[in-house]
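Look at the two complexes coming up: chain A is in both, with chain B in one and chain C in the other.
Now for the complex of A and B:
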């Protein structure tokens, strides 16, 4: 079995030598692969995978492949890529020259989702208060997303996890990463009630499928 | 006080979201069935504070604290 890491242009720069990588060329594209090891869903395995994709991203455009994609051999990879060749080439074009940045925001103090039960006199009152809380969360999320999405080629909002107010991924030109980070810093200054976490640059995982 | 461990944990959450939920899906075996993704998250939650050997992910400055 071999495992797929990413789709890139072909021809491409020499492969990084941190792992026994090979490429399967398909009509202008290259599938970057490696012999598959044992299935591994540990943090170490995730970081090792990431290290390979980031090494590729350092000197070429990459369309990252879903973690854990395995095929029998190189000819199976060639068939699979060939089948969707034009679609994959378009997806690679979509992320060309850009990287992904992650933004999450959490309230700095964890308040209870609703008011104390004693203050709520009726179900209708409770619903009214809850609706108000939802509206103010939406408002806070808009105030982050609008300026940031204006700096990005594309963006995708995720469903916030518990304790999060906002979660989104942005596809940002490589040379605009610093100005994006500066915009996040300004938003952090203006929103003292939030903790804004920005990580990256990541390979454009969230923009690989359309 | 260094925040290296905390930042690595923060980045691991973002990494796992991307590896398991992102990337282009190409025909073949995806070893991790969708139903198992939640299980991985549960395992990682236990693991997340002890990832001593994990590669450190480059982070943008921790906004607020770094500026």
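Now for the complex of A and C:
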């Protein structure tokens, strides 16, 4: 078995030497792979995968491949890439020169997203609280997303987890990462009811599939 | 990991506390041991029920927004959804599931709930 890490341009800079990586070239693209060991999927292996993709990202544009993508051998990789060659090349162009930043927001006072059913007496009140919770969630999300998406080449809003108000990924030019972080800091100052976490730069996982 | 934080809120803990352990996420791919079977089945069934509950609740909220219901009908609907919400919480607790457990990652389609 062979494990895929990323799709990059070919020719490309020398591969990082933190792992015995190989390249499968396909018509202007290169699939970066490594023979997969017998070991099962694990958190450690996940972080090793991430380390490789990030090392690649340091000096080239990458279309990251999700952890756990394995094919039989190099010729299977070549076939798979060839089949979607134009699509992959277009996706690589889309993320060229940019990285992914993640933004998540939670209310500062942690409480359940919906109304605590036990404390509500009437059905009408329950529904009002529900509608109100949805509306304030939408409002908070817009207040963050509108200014931030203006600073990004593309963005994807994720479905917030139960305790969260907002979660999104932004595709940001490499040299605009600092100003994006500064914009998040300003939004944090302006929205004291929210805790905002911004992480990155990540390989553009959220923008690799379209 | 720390060098990945571009902006941290004053309180970082809520973000960390809510992260399920990665090992858990990976092991959920295949989990066929008999002891966890009941929990797995309950998880699937409750996921579907929760999906329907949320859909119906949203539908009801929309109808209320458009003003098509009498006060009495609103009250009855509200009571019903409140009761459903409470029962779901009880069932989740019984099977040791969190709200996030009742969500499925549908790959390219995003998440179920």
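One rule holds in what follows: the second predicted complex is superposed on the first by the 196 of 210 C-alpha atoms of A that agree within 3 Å, B and C clash if a C-alpha of one lies under 4 Å from a C-alpha of the other, contacts with A are read in each partner's own complex, and residues count from 1 in each chain.
Assume a contact is a pair of C-beta atoms (placed from the backbone, for glycine too) under 8 Å apart; a residue touches a chain by one contact, two chains touch by 3 or more.
Every value quoted in this text rests on a predicted model; they were computed, and no experiment measured them.
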- prompt: If you stack the two complexes on chain A, which partner ends up touching A:88: first (chain B), second (chain C), both, or neither?
  reply: first
Query: Regarding the shared-chain residue A:124, is it in contact with chain B (first), chain C (second), both, or neither?
result: second
Query: Which of the two partners, first being chain B and second being chain C, lies in contact with A:8: first, second, both, or neither?
result: neither
- request: Please work out whether A:106 is in contact with chain B alone, chain C alone, both, or neither, and reply first, second, both or neither.
  value: second
Field: Which superposed partner A:134 touches (first chain B, second chain C, both, neither)
entry: second
- prompt: So, does A:70 touch the first partner chain B, the second partner chain C, both, or neither?
  reply: first
Query: Where does A:162 make contact in the superposed view: on chain B (first), on chain C (second), on both, or on neither?
result: second
- prompt: Which partner reaches more residues of chain A, chain B or chain C?
  reply: B
Message: Just checking: does A:198 make contact with chain B only, chain C only, both, or neither of them? Give me first, second, both or neither.
response: both
Message: After overlaying the two complexes on chain A, where does the chain B footprint on chain A coincide with the chain C footprint?
response: 41-43, 46, 101, 104, 158, 177, 181, 184-185, 188, 195-202, 209
Query: Okay, in this complex, where on chain A does chain C touch?
result: 41-43, 46, 101, 104, 106, 108, 110, 114, 117-118, 120, 122-127, 130-131, 134, 158-159, 161-164, 177, 180-181, 184-185, 188, 194-202, 209
List of chain C residues in touch with chain A within their complex: 4-12, 14-15, 18, 21-23, 26, 29, 57, 60-61, 64-65, 71, 74-82, 85-86, 89, 98-100, 108, 110-111, 113
Query: For chain B, which residues are in contact with chain A within the complex?
result: 10-12, 14-32, 40, 43-44, 47-48, 51, 53-55, 57-64, 67
Query: Where on chain A does chain B make contact in their complex?
result: 1, 4, 7, 39, 41-44, 46-51, 63-71, 76-77, 80-81, 83-84, 88, 91, 100-102, 104, 158, 177, 181, 184-185, 187-189, 195-203, 205-206, 208-209
